[in-house]
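Following this line, the structures themselves.
Here subunit A shows up in two complexes: once beside subunit B, once beside subunit C.
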Partner chain A sequence: MGRYLLRRLAACLLLVWLVLTGTFFLLHLAPGGPGGALEDPRIPSEQRLRWRELWGLDEPLAAQYARFLGAALRGEWGHSFQHHRPVAAVVAGALPATLLLAGAALGVEWTAGLLLGVAAARRPGSLFDELLRFLSLLLYSLPTFWLGLMAVLLFSFRWPLFPPSHLASVGAEALPPLARLADLGAHLVLPALAIGLPSAAALARFVRGSLVETLGQEFVLAARARGLSGRRVLWGHALRASLAPLSQLFGLSLAFLLSGTLAVEVVFAWPGIGRVTFDALAARDYPVVLATTALSATMVVLGSLVADLLLAWADPRVRRA
Partner chain B sequence: MRERGGRRLLLTGAGLAALLLAAALAGPALLPHAPDTQLDPVAARHLPPGSTRLLVTLADGRTLAAERVAPLPGGGLRLTRLGREQHLAASELADAPVRPTRFLLGTDRFGRDLAARLLAGARVSLAVGLAAVAIALTLGIAAGSVAALGGRWLDGVVMRIADAFLAFPRLFLALAAAAFLGPGLPTAIAVLAATGWMGVARLVRAELLSLEGREFAFAARASGLPAGRIFLRHLLPNALTPVFVDAALRLGDTILIEASLSFLGLGIQPPQASWGNLIADGRDALASAWWVAAFPGAALVVAVLAFNLLGEGLRDALDPRRRRPC
Partner chain C sequence: MSRALRLALLCAGALAALAALGCTRERPPAASSGGTLVVATLVDLQGVNELLSSDNRFTGEILELLFPRLLVELPDFESGPPSFAPGLAESWERSEDGREILFRLRPGLVWSDGEPLTAADVRFTFEAQTSPEVAWSYAHAKEGIESVEVLDDRTVRFRFREPYATQLLDANEGGILPRHVWGERPFASWREDADWFRDHLVVSGPFLLAAWRPAQEVVLARNPRYWEPGRPRLDRVVFRVVPDQGAQLAQLLGGGLDFVLGVPPARAAEIAANPGLQLFPFWNRQYDYIVWNTRRPLFADTAVRRALTLAIDRQELVDALWFGYARPALSPLLSSSWAFHRGLEPWPYDPAAARRLLDAAGWVERDGGRVKDGERFAFDLLTNAGNRVRVDAAVMIQAQLARVGIEVRLRPIDLNTLNEKALAHDFDAMLSGWGIDTSMDLRFAFHSEEAEGGYNFGGYANPEVDRLIEEVQRQRDLAAAKPLLDRLQEILHEEQPYTLLWEPQRLAAGRAALRDAQPNALATFFRLEEWWLAPPP
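Up next, the complex of A and B:
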């Protein structure tokens, strides 16, 4: 197990390095330099040259790359061109908002996905199962950003139940703690549903397939023969046996936590990593783009590692192999 | 039971997809005006779905959208536009100037017909999706074949590159590439193809590796056929069935990512219409003109759903394991 873990970690590091290298050269070899102030003709050229020097953009590419890797290893991500703050501060400022949103979306995905999947698996082939299958295909085909917009249209504009954007109401800082929490919760509802529901549909299909397969196995029949109630067989025995592939799926949904929120963050003006990345791309803010890319690539790689480890934990056959 | 369900999915998906393709192909012939014609930026701005206006064509080619038109003596017209009366002399008008028009899906903020833009968007979104998937399939089949048959070293290199691409969230990579290469239609196709080949390569590689160990492949080698011929005539055709089934599902995903890219402003650039940038237009006017965002999104959902149904149905129909009743 220890050697396996080491090998997997080494492979992860290799992947993150490949992704960073790819992004670095993509950014630097693309036509046109960093936009914004660096190319603004209204700013004196000596000033722009000084900035270039300051940010190391005048060095040969290989030297820049070496310096970037060295700094990245020490955990230094440099200065944002756009925010004039350390990149680490920019990312750290946006990370909690994204984690909150992604966590809520994950909750929606797994609650709705498990319930729908189990419901469909109870009577495979029934009209209800067929209906759920179509419904989940439909949900799965919904673009998150459009779902978000339509949710705002209906539940913020038509029936003003939830706020349409941002993380908190204006002046929320002055509210007592409980009211602040409620305010935050209200702001979370629409974006979390917009991200969570389409993924819940995909999950429900998976849960259904996995459960139907398990329910056909002999130990389920044996449990039934021992006189256990249908509910107990379903939740206690069958679902538990389907846990292995599901736990792997959970790791994978962790992997796409950061990137899955991007479009919805833009729709809801959510001050998270997705928005920061999007703005940095528009402004060609290299250091920020590199840092958020590294972060999301690390999440993907770690998420798949967690997925495999969870699988090994849940399925003794994999562990022995 | 399951088989019938599968067939129903397949037929629904195929029907919807055929309908969409037909609408996209016939697009310009179906509607009286071009998608980027500003019919009347003032009086036809944000007309709700189902509105009717009398389009009056002027001698210089511009149009005015009037609520009512009455003839004046001498060939001129008196129109009521935005509740105000306006007189036009015969010399200012084109021949046969008045045309009653119903805006089935309403108009956008420049007074453009949303139905026309929706159809134009269908052409772009479907074309980009099809082209990107075709290129991704070609790349993926080539990479997968090289990995499966090129020996251990090449296999390692190709699959590590695929892993690195997979470690990028797709939208993220597409956004970064589009931002730095300059957005537009060719970039959108290239970026979607470049981020879509890895799954195909893995699938082709796995299929080829399993086929290589089968008896017919062994028989082909034993009969002294050249390796290239075995690959092209025996292995590859057998490996491709799952790839094409998979391609229908991929097409849905690709259209969705293109829409996200265009929605975020890094895909198809206005005034060229794509469903994604139409939704972005609608976002800015969401409170006052819901239809501008709603209809293109609905079209997008129908398209993605069509290809998902098609892919699901094909998989059910072709995979015998799924056909067994359970």
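Up next, the complex of A and C:
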């Protein structure tokens, strides 16, 4: 297991390095630069040169890359061109909002996915099962940003049930702690549903398939023969046995959720990493784009690693392979 | 009831409870002493130090509310050269030789921490603005100023290298900064950490920065130490970052916002017809244009450029894209400005005349196109892909020019790339726009010296235009430069280095309860200290 872990960790590091290298060169080689004041001809050229020096843009690309890589290894991400702040502070300021949203979306995905999957598996081929299959396919095929927009249109404007954007209401800081928490919860509902529901639809299909297969196995028949109630057989035996292959999905969900919040954060004006990345891309704020890319890549890679480890733990054949 | 169903019902119940809280808590009740105004902004505040972050209009406007200038420029540029009202300075006086301006500060000015605001702050501000280490984007505005001297706590003298027309505009550029706090940090380290200024923020304007939650909201609160009694009238102004215009309007209609800037013209009628809302249209200091790259043989001939202008139906563009909230542009000095040449005769939409000019220039019609020396009249038209109106206009122009046999290849590209290509003259034609100030200085776009690394993207060069531009800026009184400005406009009108397209209005919308709001082309939140919300009946 130790060697397997080391091998996988080395592969993860290699992957993150490749992603960062690719992003670095794509950013710098794409037409157009950071723009703004750097290309403003009203500003004397000596002044613009000073900024280029300050931001390290005056060096050859290879030297910039070497310096970036060295600094990244030391955990230094430089200064944001756009915010004039250390990149670490920009990212750290946005990370909690993204983690909160991703956590809530994960909750939606697994709660709804498991419940719907179990419900469908209990009566395979029923009208409910067919309906769920259709809805799962529909939800899974819808882009999250469109789903977000529709959710705002329907549940914020048509029927004003939930706030359409932001993390908190105007003046929420003056509310008592419990009311603030409720206010935060209300703001979380639509974005968490927009991210979580399509994943829940996919998960429900997995749960349903896995559970239907398990329910047909002999140990389930034996449990029934021993006189256990249908509910106990389903929740206590069949579902537990079906969860092992699903554990890998959990790791992959982590990765997808963090990378999938970008569009939804923009739609819901959610102040997270997705928004920071979107704005940094528009402004060609290289240090911020690279830092958020590194963060996303690391999360995706770690999520996959967790998934693989869970699978390896559950299935010794994987370790041997 | 199955466990799954019970759990599902529990989740639904929790959602319903959150929904109930979500709708009741979205807005606090309006305060009686002026209340809280909630304003939408597309972008976030870039920082609190203007010298580090003035490249964003929203940030500039917020910082002017925190750090007022010596004088307040008045939005009366339609009637004459820039005029001013007292700001931090109660009076000002220009010397006989035109090389000095003396400012007298109001008595009893204080910073928000109670420290007095003095002439030393004005001098410190000038030092910071001109420091190469600070590298302020607008430092060029101070190039004409030789020195700033403190005569006493309330008197400061600006000495200029020579007299010129826009001395007062230049002296007044930028808010006054707190020497007693920001002076503690060496200029060399100003650009290292913008957060330091946020942590050491003292202001002198009508509002304090009560909170700034990045990418969420900026909250301004009444400054109790502001010099003007009874102002501001609002208790708080909350600027909510809503990065989508459609979402902003939807929230305004839903009651979540009080004021929105940048209403799409297509939605203006809906706002105007809503009794709960009011529309604020005002002429923007902006015009859109196509610049022809005169360094390319295709556009070197004045007759060809004139033909292109004649073949573009600017009225049709305005009608189709602006719904009555724009007018065709005629001069780089806006038609609403005092300096506009009212004798200019607009080039009509006249495809027949365009064809004749093109024929005379040797571009003959063949196979549905135009050909000269074996080369087809075809070019790339670049524009900013993120600007929907400009992309739509480019499509219409493509169709209009096709009618006279000219092939246009549309190239919508991202703004940074567009700017890079423009500065390098790496384009045929470009559809873009200028936001302009009130100095009437056309040097940036039309002086031949600005063609290398400057904003004269088309590489236009005319010695008489150069001379007139320089002459205008040498005048001590801008009003006296009107004949020179008229001649300048006549030449540009004849030679058409640009085909001017439209001058748009800017549309803001607010709740009907909003009183004394006066958004204008100089500042959307002009005199925000006067705005207030009428309590519900």
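In this text, the second predicted complex is superposed on the first by the 312 of 321 C-alpha atoms of A that agree within 3 Å, B and C clash if a C-alpha of one lies under 4 Å from a C-alpha of the other, contacts with A are read in each partner's own complex, and residues count from 1 in each chain.
In this text, a residue touches a chain if its C-beta (ideal position, glycine included) is under 8 Å from a C-beta of that chain, and two chains touch if they have at least 3 such contacts.
Not measured: the values here are computed from a predicted model.
Q: When the two structures are overlaid on chain A, which partner does A:S229 contact: first (subunit B), second (subunit C), both, or neither?
A: neither
Q: Could you look at A:V266 and tell me whether it touches subunit B, subunit C, both or neither (first, second, both, neither)?
A: Touch partners of A:V266: subunit B and subunit C.
Q: Can A:R284 be said to touch subunit B (first), subunit C (second), both, or neither?
A: Once the two structures are laid over each other on A, A:R284 reaches both partners.
Q: Between subunit B and subunit C, which one contacts more residues of subunit A in the superposed model?
A: Of subunit B and subunit C, more residues of subunit A lie in contact with C.
Q: Between subunit B (first) and subunit C (second), which does A:L14 come into contact with in this model arrangement: first, second, both, or neither?
A: first
Q: Of the two partner chains, subunit B (first) and subunit C (second), which one does A:V118 touch, if any: first, second, both, or neither?
A: second
Q: Is A:V152 touching anything from subunit B or subunit C once the two structures are fitted on A? First, second, both or neither.
A: After superposition on chain A, A:V152 lies in contact with both partners, subunit B and subunit C.
Q: Could you say whether A:V189 touches subunit B, subunit C, both of them, or neither, answering first, second, both or neither?
A: Touch partner of A:V189: subunit C, not subunit B.
Q: Have a look at where A:A89 lands relative to subunit B and subunit C in the superposition and call it first, second, both or neither.
A: A:A89 contacts subunit C only, not subunit B.
Q: According to the stated criteria, A:T293 is in contact with first (subunit B), second (subunit C), both, or neither; which is it?
A: After superposition on chain A, A:T293 lies in contact with subunit B alone.
Q: Show which residues of subunit A both subunit B and subunit C reach, each in its own complex.
A: Common interface on subunit A, subunit B vs subunit C: 30-32, 152-153, 157, 266-267, 284.
Q: In the complex formed with subunit A, which residues of subunit C make contact?
A: Residues 2-5, 7-8, 11, 15, 17-19, 21-23, 25-28, 36, 38, 44, 46-47, 52-53, 55, 132, 135, 137-140, 191-195, 211, 213-217, 238, 240-244, 247, 250-251, 253-254, 256, 413-421, 423, 444, 450, 453-455.
Q: Okay, in this complex, where on subunit B does subunit A touch?
A: 1-2, 5, 9, 160-161, 163-164, 166-169, 171-172, 175-177, 179-182, 252, 256, 259-260, 263-266, 279, 282-283, 286-287, 290, 293-294, 297, 300-301, 304-305, 308-309, 312, 325-326
Q: Looking at the complex, which residues from subunit A come into contact with subunit B?
A: Residues 14-16, 18-19, 22-23, 26-27, 30-32, 124-125, 130, 133-134, 137-138, 140-143, 145-146, 149-150, 152-153, 157, 212-213, 216, 256, 258-260, 262-263, 266-267, 277-278, 281-282, 284, 289, 293, 296-297, 300-301.
Q: Inside the complex, what are the residues of subunit A that reach subunit C?
A: 30-37, 39-47, 50-51, 54, 79, 82-86, 89, 93-94, 111-112, 115, 118-119, 152-153, 155-157, 160-175, 179, 182-183, 185-187, 189, 231, 235, 266-267, 269, 271, 275-276, 279, 284
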